[in-house]
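In order of appearance the chains are A, B, C, D, E and F, and numbering begins at 1 in each one.
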Amino acid sequence: MSPHRDRLRGLEQRVGVLLEALPYIREFAGDTIVIKYGGAAMVAPELKASFARDVALLKLVGMNPVVVHGGGPDISRYSERLGLEVRFVEGLRVTDAATMELAKMVLVGKVNKEIVAQLNVAGVRAVGLAGEDGGLIRATHAEHAADLGFVGRVESVDPHVLERLGDFVPVVASVGVDDEGQSYNINADTVAGSLAGALGARKVIFLTDVEGIRRDAGDPRSIVSECRLVELEDMVSSGAVSGGMLPKLAAVRDALAHGVGAAHVVDGRVAHSALMEVFTEDGVGTKITA
Amino acid sequence: MSPHRDRLRGLEQRVGVLLEALPYIREFAGDTIVIKYGGAAMVAPELKASFARDVALLKLVGMNPVVVHGGGPDISRYSERLGLEVRFVEGLRVTDAATMELAKMVLVGKVNKEIVAQLNVAGVRAVGLAGEDGGLIRATHAEHAADLGFVGRVESVDPHVLERLGDFVPVVASVGVDDEGQSYNINADTVAGSLAGALGARKVIFLTDVEGIRRDAGDPRSIVSECRLVELEDMVSSGAVSGGMLPKLAAVRDALAHGVGAAHVVDGRVAHSALMEVFTEDGVGTKITA
Amino acid sequence: MSPHRDRLRGLEQRVGVLLEALPYIREFAGDTIVIKYGGAAMVAPELKASFARDVALLKLVGMNPVVVHGGGPDISRYSERLGLEVRFVEGLRVTDAATMELAKMVLVGKVNKEIVAQLNVAGVRAVGLAGEDGGLIRATHAEHAADLGFVGRVESVDPHVLERLGDFVPVVASVGVDDEGQSYNINADTVAGSLAGALGARKVIFLTDVEGIRRDAGDPRSIVSECRLVELEDMVSSGAVSGGMLPKLAAVRDALAHGVGAAHVVDGRVAHSALMEVFTEDGVGTKITA
Amino acid sequence: MSPHRDRLRGLEQRVGVLLEALPYIREFAGDTIVIKYGGAAMVAPELKASFARDVALLKLVGMNPVVVHGGGPDISRYSERLGLEVRFVEGLRVTDAATMELAKMVLVGKVNKEIVAQLNVAGVRAVGLAGEDGGLIRATHAEHAADLGFVGRVESVDPHVLERLGDFVPVVASVGVDDEGQSYNINADTVAGSLAGALGARKVIFLTDVEGIRRDAGDPRSIVSECRLVELEDMVSSGAVSGGMLPKLAAVRDALAHGVGAAHVVDGRVAHSALMEVFTEDGVGTKITA
Amino acid sequence: MSPHRDRLRGLEQRVGVLLEALPYIREFAGDTIVIKYGGAAMVAPELKASFARDVALLKLVGMNPVVVHGGGPDISRYSERLGLEVRFVEGLRVTDAATMELAKMVLVGKVNKEIVAQLNVAGVRAVGLAGEDGGLIRATHAEHAADLGFVGRVESVDPHVLERLGDFVPVVASVGVDDEGQSYNINADTVAGSLAGALGARKVIFLTDVEGIRRDAGDPRSIVSECRLVELEDMVSSGAVSGGMLPKLAAVRDALAHGVGAAHVVDGRVAHSALMEVFTEDGVGTKITA
Amino acid sequence: MSPHRDRLRGLEQRVGVLLEALPYIREFAGDTIVIKYGGAAMVAPELKASFARDVALLKLVGMNPVVVHGGGPDISRYSERLGLEVRFVEGLRVTDAATMELAKMVLVGKVNKEIVAQLNVAGVRAVGLAGEDGGLIRATHAEHAADLGFVGRVESVDPHVLERLGDFVPVVASVGVDDEGQSYNINADTVAGSLAGALGARKVIFLTDVEGIRRDAGDPRSIVSECRLVELEDMVSSGAVSGGMLPKLAAVRDALAHGVGAAHVVDGRVAHSALMEVFTEDGVGTKITA
């Protein structure tokens, strides 16, 4: 076969892939897609770069991605360097005033700006925001038996500042603020769910360090590809779903209750998993609908 | 290797192709791309469908494709059925009043609406237009030694109606009209070049039945991948470029003179050739710049 | 009397007529007026020109005329020239695939563009559209005892493309299309009624080859100047109204049910009858209100 | 002939007149036309009503009429009732403080509101304005050998308030104001010329109590139908044009110098003379172009 | 203490006052505030100037003041000079045709333009309007036992012209007009109340020649600082409130019934009383809420 | 004197102050005012609160304040806690990679959000931004004899993101970023000057810890109230101005060169000094014009 033919065949395959994306591009054009970014995807350099390119592609083909992130291991690392006690109660970081100040420094001044810079390099303009900015996230003390300090929950979301930003991609740090200006550390899954609801998002995607939700916790082959929320609740009752998945489940419930079309739990350890979930029929994780 | 891994690898390859398209999507976002549609690509059913999907993709990722077409073999076929004489002088159809009426019926009532319908099926809304519509193309008698009847040339283009159409894809039949309402049959390459100039297009792409422009007419391996207009003029002087390529060259000249960024002569017999030219570095035909 | 006085008197009479139009101009300012164009008015050259000037005047004094037309005798004439069978069942043209293709060629490529060109000459910019354009008219098979082929009925109207056209006068050919891109021949009265309803038109005017609706079919002096729809239904029950008036009646019913203010059946054989109906108290045909 | 035919013939004639207006409606669509209203046309009740209907028609067919007026004989009449001295120097009213207060009361509180009310009755919404309103007319002392008191000249026009009024017809009283809030009485012809210039008007029309400009002051048959400004200047030099026509001439000069297309001096004693001038080829007075 | 310190202390006090205004500026930003202007505030030169500055400040800090005024003593004075009978029945001026003409001249041509000019001098652009302008106030005969002539009541308010004026401050004379163009003299308090209702105003402020509403008519120390409408009605029943306060009360009732937030009766004899009422907690008169 | 009188007098004084602000509010309405925030004003709690109220007032009365800030003593303090070396060369912080990461954490995650929160409490919505956000500040290595690490200079400013933010008050941290996403620590005075230029600001105000610029460095009574840039340059040549004032001077020069109307150096240790400078004739520091 001639090299020209060979080259054409290669091009044709690539074009074929583009065209397979057509129905997804059409379906989600103009839709808001909230992505909770975290875990391994926020640590490994090549995963960080591939995530930025994924978000850029979503934006450029006409969707409106919104990135929500927490602070990851950086907060603990800096806490230790500064001699602050690192303590968790039921997976929640006990957050005294000094830790809160530090958490904000890490979340907003380090992690958030790294994501913004990476998105800029990938070719879309991003703007980083915390709950203070434009009064985006009003928070209050999360209710808990133990005294967790400034661990908060979302009281309300004012999406006005996000609407103003138009063509910029918003990157939101999981920090909220109360009427007196006091900051709170909030679970990033919760923030993602609340934002998705307030923005009338089409999808909310959670990048995790698991392959998806398992029907049988012990069986890696039991990944659920798609299910209704009610089935998931059953899996919680039966104990199949537990641990770190529980706050995610609350966020899923919250988003779906506010009209978000679907929630996805995908494997952030796989490069481009968010893109795969948007652009393919059965995706790479678990899709949950109301 | 596990089937899961296998599947992931397949997905990754597909995502990789999407991401390779990123720089092109970004570069041409919001740009107008005029495509002269004709030849084999307008005859073979599978090429027709693939062309419609190409245009849909360009539109959905943020470019503004404008399709220009002629009448192809249908005019001659209907002429014969109606007992009208079919005669060409130097490649131009001799067009008496009856032939002009028929040509318009075929171009506007048959070919144009087929393209519009196919684009609608491919998922973008299209609107068909002839030179009469919104005063789009003002024409006058083309000057020629022989009496060719109602063979015209573009006198001016008023792009206002195209601008109003916004998110619809315009499909333009190569018919013009003079101030008294008389229609003229115009070469579709010429119309494409004029429209590209009037619209400030970024690119004009000519689908042809050749692989590209050859530096040596007799050598299929001498396809020019990219050249400046001046080099092309030299090839005309030397006789390397001749025949049906000459009206295309005039259209290229016209478009480039009005600020169009590049003209492409691509092989319409290859499925998705327009898309390949937009989304790859060296494309599949000849790219001409000023 | 001095010539100056004479001249003034003439001018005064003309100005008087303009001023009599004032209340009608004021009343219908900004309103959409759908005009079904057909019959003799679409055949005789002087009626064609006078119709174009009527539409231009309506547009220029601030109304929004929309022209809907069928194909008239041209379809049969071309059918015969091409050796296609011409057959009607209950006034509906039996439309096989070849006839459908031809009908579209005549309707869209010939009749529609002639009307557009004539409006352009009369000084307003027009744009011709068929059901395919912008997905304007979605059609499906008309239900009928006999197999009529591609005779369709309106399933839905998407007026978005008409709204985009703003200051251009839309000229709509009575062709619809289904989701697979198959075209259907639809009765133009029906299309006019549906469009009037979808556009929230103030009036729909049917140009016919009769003087108006007669209370007594045999008595030319029994023309009804104005009536309610319910009275017309009674005339149908009593047999006074029948034949070609029945599809018009269905269109009237459809339009009035969708909130159109009034339907007019006027004599298209009289020059300027549409204008007379809009600009005078009792008009020249029959006015039907809900 | 049947009564139906008779009626049709009458309707046809009326429609014919409407259609003769078509080219003028088209030509002046969206254009501003400033009309200086005064003289007999502002006194006789039937002329007042016919003037209001003329302005309404111009507005409704798409032009933007702006009415400018002075105070007419009412100022003198009220001055006498109040025992104020009425004195003119070279046609200019000597205006002391008490006369200025009274002039404003008559111009703005009586004449202006009468015109506004009459336009409202004729079916268009009008808004009356004086130079104070929105800072429309900044005035200063007119230079003159004699002490004329508060007789002013236009220093500048700020058309912003007129632009805001959009679909309302502005009616402007010939009063200006300086930076300290002092009012000035200004010649209404002058104000009309300045406004026409500032608004980029297409026409300025002066309603007068003469048939037009005469080439030979003593010969009523020597009315000039159309002339260039330079010819008019010659007539001034030769003494053919003099007296009350001189301030009008200055206003004409001012308007034409600022790009107004044409100035018309028409006979306000003839009903509808403004409309005749706009809607007929040779009009009823004198048309002056640059 | 050094002079620098001294100067700083002075500046600090001034800044302190500005900052005390902050919550009021924030609270009323973008709100419409209708001010009935009259009494002493419209007579004494220094009160006139201070009123203009108050309105300018309200406008410049982001509120939308609308001024409504009557004619004050000027109408009687001019009536006497012209030999017209001045007669009141229950506080209402008997208004025959000649008095109506004069009242309009004074209200619209004198008082209104003075206020407009003073506002222009104070640095905001104002536009004067009467009921005729833009069809603002439709009036009809006020019902009364005696024949009061052209004393009217508000039939309806069309606020469209006020909305068009955007950044200009409207100054409205208390004159209305019926469908035939007949003017009516209307109580300015009534007009203020109606306008406030039609505009969805936040506040309506009545400048009066009393210190506020007294709980005990004879006791100047019984000024009510704030009360509900129902309490006020009780004071009327008990006779505590009577006389000139009654038409004001009707206007208050009307405004509150149409959703106006609060009505204020303030002492116009005190300079800046309107401003004090807006910018301080307990103001200087009586505040009435629904 | 009665208590009522007393109270009135107090109110009058307060209103008087508001009215004195009128000309400044009018003059700067809609203008951008860039304020470099730093020094003592960013440390003392009561100065922080008074600064936030100042900015809120400027915003609410119609100006567009933009706050620019550096990191103050917090960076050094945290550096020490983390065991990072704190070293300055000619007043510039030597910034290795670890210090840069920390500086951003402090600037963006701590200081910036504190200012945003304080502004929110003061009643205006603020949004914090760093150079990364929306590509606001492109930076590159500052040229310097010593190796200062990531000390940068402004290469260009893209104000698009600030324009999008509309009614929000932008708070900008003095961090820039290069094309590869590397952050740079930039002098906040420099950033303020560049932003003022890029935004076409009316004023740029530098809050400092001195009373203003002294003509004689040793004489506290030689504060210059107002001067031209050229005079300031002379003071630099003569040695009167030196030290920490030099980078401010470069920023002043930059801003004035880009058309900023005036630069102010004011004493941030005095509460409300920014407001005093805007709202009074001679202000509290030094005003420099081109």
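The working rule: a residue touches a chain if its C-beta (ideal position, glycine included) is under 8 Å from a C-beta of that chain, and two chains touch if they have at least 3 such contacts.
The structure presented is a predicted model; accordingly, all values stated were derived computationally and were not measured.
Counting hops only between chains that touch, chain E reaches chain F in a minimum of 1.
Among the other chains, the CA centroid farthest from that of chain E is the one of B. The interface in C-D, B-C or D-E that matches E-F, meaning over half of the contact pairs are the same by residue number, belongs to C-D.
Centres computed as Cα averages put chain D at a distance of 57 Å from chain F. Spacing of chain A relative to chain B, judged by their CA centroids, is 44 angstrom. Centre-to-centre spacing of chain A and chain F amounts to 36 Å, using the average Cα coordinate of each chain.
In chain D, no residue touches two or more other chains. Each chain touches the next in a closed loop, which from chain D via chain E reads D, E, F, A, B, C. Within the complex formed with chain B, the residues of chain A that make contact are 4, 8, 11-23, 25-26, 29, 53-54, 56-57, 60-62, 123, 211, 270-272, 275-276, 279-280, 284. The residues of chain E lying in touch with chain D in their complex are 81-82, 101, 104-110, 112-113, 116-118, 120-121, 125-130, 132-135, 161, 164-166, 168, 175, 177, 179-181, 183.
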